[in-house]
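Look at the two complexes coming up: chain A is in both, with chain B in one and chain C in the other.
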Partner chain A sequence: MGHQRYLQILGLISAVIAVQLFTYYTDTGHHLTQLTMSAYYSLVIIGLCLLIGYAGQISLGHAGFFAIGGYISAFLTTHNFLPYKDNYFISFLSKSGLLASREDLYGGQILIFHPWAACIAAVLFAVIVAYLIGGPVLKLKGHYLAMATLGFGIIVYKIVLGTEKFGAADGISDVPSFVLLPGVEITGKLPVRIMNYYVAWVIVIICMIILLNLINSRIGRALRSIHGAEDASNAMGVNTAKYKLNTFVLSAAFASVAGVFLTHYNGGIGPSEASVMKSVRYVAIVAVGGMANLWGALIMGVLLNFLSLRGYFGTYDDAVFGGILILIMLFAPEGLLRIDLFRSLKGMFLKISDSKEKT
Partner chain B sequence: MNIELFFQYIVAGITYGAIYSIVAIGFNIIYNTTGIINFAQGEFVMIGGMTAVTLHSFFPLPYAILLAVIITMIAGALIEIIFIRWLVNPSVLRMIIITIGISILLREAALYIWGEKVRGLPYFTGTSVSSLSIGGVHVSPQVLWVIGISAVIVVALNLFFSYTMPGRQMRACASNRDAARLCGVSASNMITLSFVLSAGIGALAGCVVSPITYVQYESGTGLAIKGFTVAILGGLGNSMAAVAAGLILGILESLSIWVMPTAYKDVISISILLLMLFVKPSGLFGSKEAASLKEF
Partner chain C sequence: MAILEVRDLSRSFGGLQAVFNVSFTVKNGSIKALIGPNGAGKTTLFNLISGFLKPDTGSVLFNNQKIHGLKPYQVAGKGLSRTFQHIKLFHKMTVLENIMIGRHIHSKAEFISGMFNLPWTQREEKAIRERSLEILNFLGLSEMADAEATSLAYGQQRIAELARALACEPKLLLLDEPAAGLNMRETAEMAKLIARIRDMGITVLIVEHDMSLVMNISDEIIVLSYGQKIADDIPLAIQKNSEVIRVYLGEEDA
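Presenting the complex of A and B:
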């Protein structure tokens, strides 16, 4: 069972490399840009999959966490803090090396946050917000939970849309590249497109390993028991409130990390990233992937986001996702990639390997 | 603080509050008979308004509104029959996602049919600049139309639910569906009827308010959120409380302009929704006993 997980990861790694080589030899390297963006979006989706599919709690506000991550890191890495240089707090940060000086477009000196510092601040803020609202929100069920998370998403959207410092309807642009390690940076510049493709996928693979291990552990079993029957699992000694909250916070952290990285990759972020339609889209993809199916969510997340970003759905982009939601929920609430199909294949595989061991 | 300005804001608040109440009542009618929240409720308001504007270029105003309401009612019935009627014991999560999907499709269809243009019916009486002076407060005649028609809807619904056969059957389904079935009430027809009814009053609300606020393909979402806030504030399923809650929310929102920029107006009302859900999900007027029977 344990080895199977790593075989799957190995499969993912080879698929990632194969796709890159394929685009290299067929001279379709421009597809890598959308594949990189899809990789970051699928971070939100696998985190949401853990929350909806395994813990059984719906969230219609995850675009809000994505936007918190993206907007805070964008703001801290573009806003000039030079006028506040003498402020005690800012000078303290500057001395600790968290701030960096750089030249702006007009050659003037500006003082901004180092992307790593901004990233940590953004994710930390998203996690704190998730903790604060998660406590009361996750006490709710059904429609009330859906509406509360939707309400949170709308509040974030209205705040970024109505705040001048966040660029109002234009969003924030000219976000600098994010130097992860010397020589490795997240940026949309063409010469480093292949490297960025691999950076994004390495991040996705790390997150997948974390989540796969999580769902196959004691925590994962506890989450599934909550999904099955919350009262029963509570009676069996599972601290359901704590598990639900931690899952919510973890998925919010995934969404905010995705927001930070994608903002640096695109060089900017706009209010549409926080819109309700984005949140609904993430839920739609989790549903298509089969709710409690991390691999389904990842595959569908990459596929649908790639098709959408390449513009295959044209002006019907939102309508396609609405249609997908309805069709899946009406006819295949278990998801397109039926989990049973995998299980039966898995069963077959295990039977073969069992009989080999016996002989 | 200028006292006249204060009353001006109050009037504006009551106008919006009346519309929110009507949307909330639409939520409640469907919630009571089916136990589901129809996330596409705001789209009924939008479709009603948009259809009336289009029809108004062919028919005089009253007929255009009447036809628009009937068309939206048919749309409501079709939606229920196509998407909801044949589902066997759907889970709440499934219903939430399906109605969200429906609302997206309706919005996109409206975008395809009417484009992004903002439209509105003409003022029912007078023009956009005519106003009545009531005790020093200037009130547009359309505001009186909005408040008046909302009041008529509330009274008519009450009479319908108390004295007519279908109204009583719907109430029977709401309180105990199995018992109603045993008494020969067709529960599935009552659910269709509840969609027709809430589509109809949503469409009427869309027509009355369109001269003031205008309608656009995406104006349904905002109204749905406000309507839901009001429904929760009053206690889900309680239509009379929704009216009071609607007026409270409308006035609070309108007065909030004093302390916060207009851009954050919606933040206020949604924060109220969240606070209410956290503190007292049974609503301002919800009783504890009734709340203990519900699943929040």
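Presenting the complex of A and C:
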């Protein structure tokens, strides 16, 4: 079991390198930008896959957590805190090295949060929000849970759209690069495009390893048992409420981390990232990926986001994802990329070839 | 010595008094059966004991500790495990994985240790798997270990649910109609199995309609009618109890 997991990860690493080399030799390096963005989006999707596919709890509000991560880190790294320098709290933060000054577009000095501090604050805030709304909301089941999380998503969208400090309909731009380690920064600048592609994929690979370990552990089994028969799971000693909440919070943390990184990569964030259609898109991708299938979610997440970002769906972008969701729910409600489906397809082909041989 | 003590337990749903002032004890190491006509409140009583329902009044003591008001997973943690009248195996999980959930309360890997697949969690997983296979062996289900649990034949699903409850290594096992839907041969096997479980030192409280099963294996029987206890005695005495006969067969001159 364990070896297979690491072979799969090795396969992913080879694929990531192969794609980069391919774009290098075919002179299509500009595709790496969308592949980097898709990598960050797929963080939301694999986190959501854990929640929907494994624990069996739907969320139509994960774009909200993505936006919380992106907006808070964007705000803290662009807003000038210099006027509040004498404020006790701000001066304390400044002294502890959490703030940094830099030049703004016009050459003036501004005091902003260090991206690491902003990142931690953003993810922490998303986690707290997820805990607060997850507690009451996860008592609901099925359609009611879907509606409640949808409501949360709409609230976040309306808040970012209506808040002057968050740039209202324009969003926040001029977000600085995020120096992860000396020499490694998340930024959309062209000279470091290849490095950023690898940074994004290293993050995805780490997150995949963590989630693959989790679903193959005692906790993963308990989550699937909640999906399988919640009452029985509780009677077997599984604290179902706690596990559902922890999973919800974990997936929200993944979404907010994706929001933070992608915002630094793009150099900004707009309200459309918080829109309900984004949440629908994430759920649709988890569904196409096969629901309880992390690899399917990752592959579909990268593929569909890449096509969407390259503009293959044109003005029908949202409609495509809405359509995908409807088709999946009608014809393959348990997801498309499923092992048993492949098996039955294989069985069908084998039967066909068998009968051909006989005749 | 009583392992379970139910005192003056009552619960109503709207205007319906499902369980009214029921008191009884279950002796350690015995098999006690709970019988009664449909709607007598047997399953409600089970749900009150296992934490799925909260009583309006009264108390439930397990090993002299009160357990009413606890959540089902907390009750399970105390060493009280149950099966369901309508089989509730975990969908999309193999038989072995179903049994492995039974080991949940005896293992401790949490989110963080699971995410990093720490060496001790790997050892724990191995122990969970081995113990679960042992239990499948004991119940003769080991060939089905990798089959999807809900794809088993009905009788085997009953056994699998029993295996899952046994994997918890409970002190008290609550069986809700374990022979429902089983044919005569399967029922006889189930009876043997329950007796073997008792011989392992596990106390059994069983709700059952099948009289032959109940009379054969029970040490004591409680009879419920309209939510009230009307008899609590050894099987022979229950068979002769005129009140019980009246409830089951109707008035002589009716």
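Odds and ends about this structure:
Everything that follows uses one rule, which is that the second predicted complex is superposed on the first by the 340 of 359 C-alpha atoms of A that agree within 3 Å, B and C clash if a C-alpha of one lies under 4 Å from a C-alpha of the other, contacts with A are read in each partner's own complex, and residues count from 1 in each chain.
Just so it is clear, contacts are C-beta pairs under 8 Å (C-beta built on N, C-alpha and C of every residue); 3 or more make two chains touch, one makes a residue touch a chain.
Source: prediction; values computed, not measured.
Judged by the touch definition given at the top, the superposed model places A:Met300 against neither chain B nor chain C.
Touch criterion met: A:Pro333 reaches chain B, while chain C stays clear of it.
In the overlay built on the shared chain, the residue A:Leu250 is in contact with chain C alone; chain B does not reach it. Once the two complexes are laid over each other on the shared chain, residue contacts for A:Gly162 go to chain B alone; chain C is not touched. In the superposition on chain A, contact is made by A:Gly151 with chain B only, not with chain C. When chain B and chain C are set side by side, the one touching more residues of chain A is B. Of the two partner chains, chain B is the only one that A:Tyr316 touches; chain C does not reach it. Once chain A of one complex is fitted onto chain A of the other, the partner contacts of A:Leu325 are limited to chain B, with no touch recorded for chain C. Within chain A, not a single residue is touched by chain B in the first complex and by chain C in the second. Those residues of chain B whose C-beta lies close enough to touch chain A in the complex are 36-37, 83, 87, 91-94, 96-98, 100-105, 107-109, 221, 225, 228-229, 232, 236, 261, 263-264, 266-267, 270-271, 273-274, 277-278, 281, 295-296. Residues 58, 60, 133, 136-137, 139-144, 146-148, 150-152, 154-155, 158-159, 161-163, 276-277, 280, 283-284, 287, 316, 318-319, 321-326, 329-330, 333 of chain A are the ones touching chain B in the complex. Within the complex formed with chain C, the chain A residues making contact are 2, 210-211, 213-214, 216-222, 224-225, 227-229, 231-240, 246, 250, 292. Residue ranges of chain C in contact with chain A, taken from their complex: 50, 52, 71-73, 76-77, 81-82, 84, 88-93, 97-98, 100-102, 104-105, 107-111, 113-117, 121-122, 124-125, 128, 164-165, 168.
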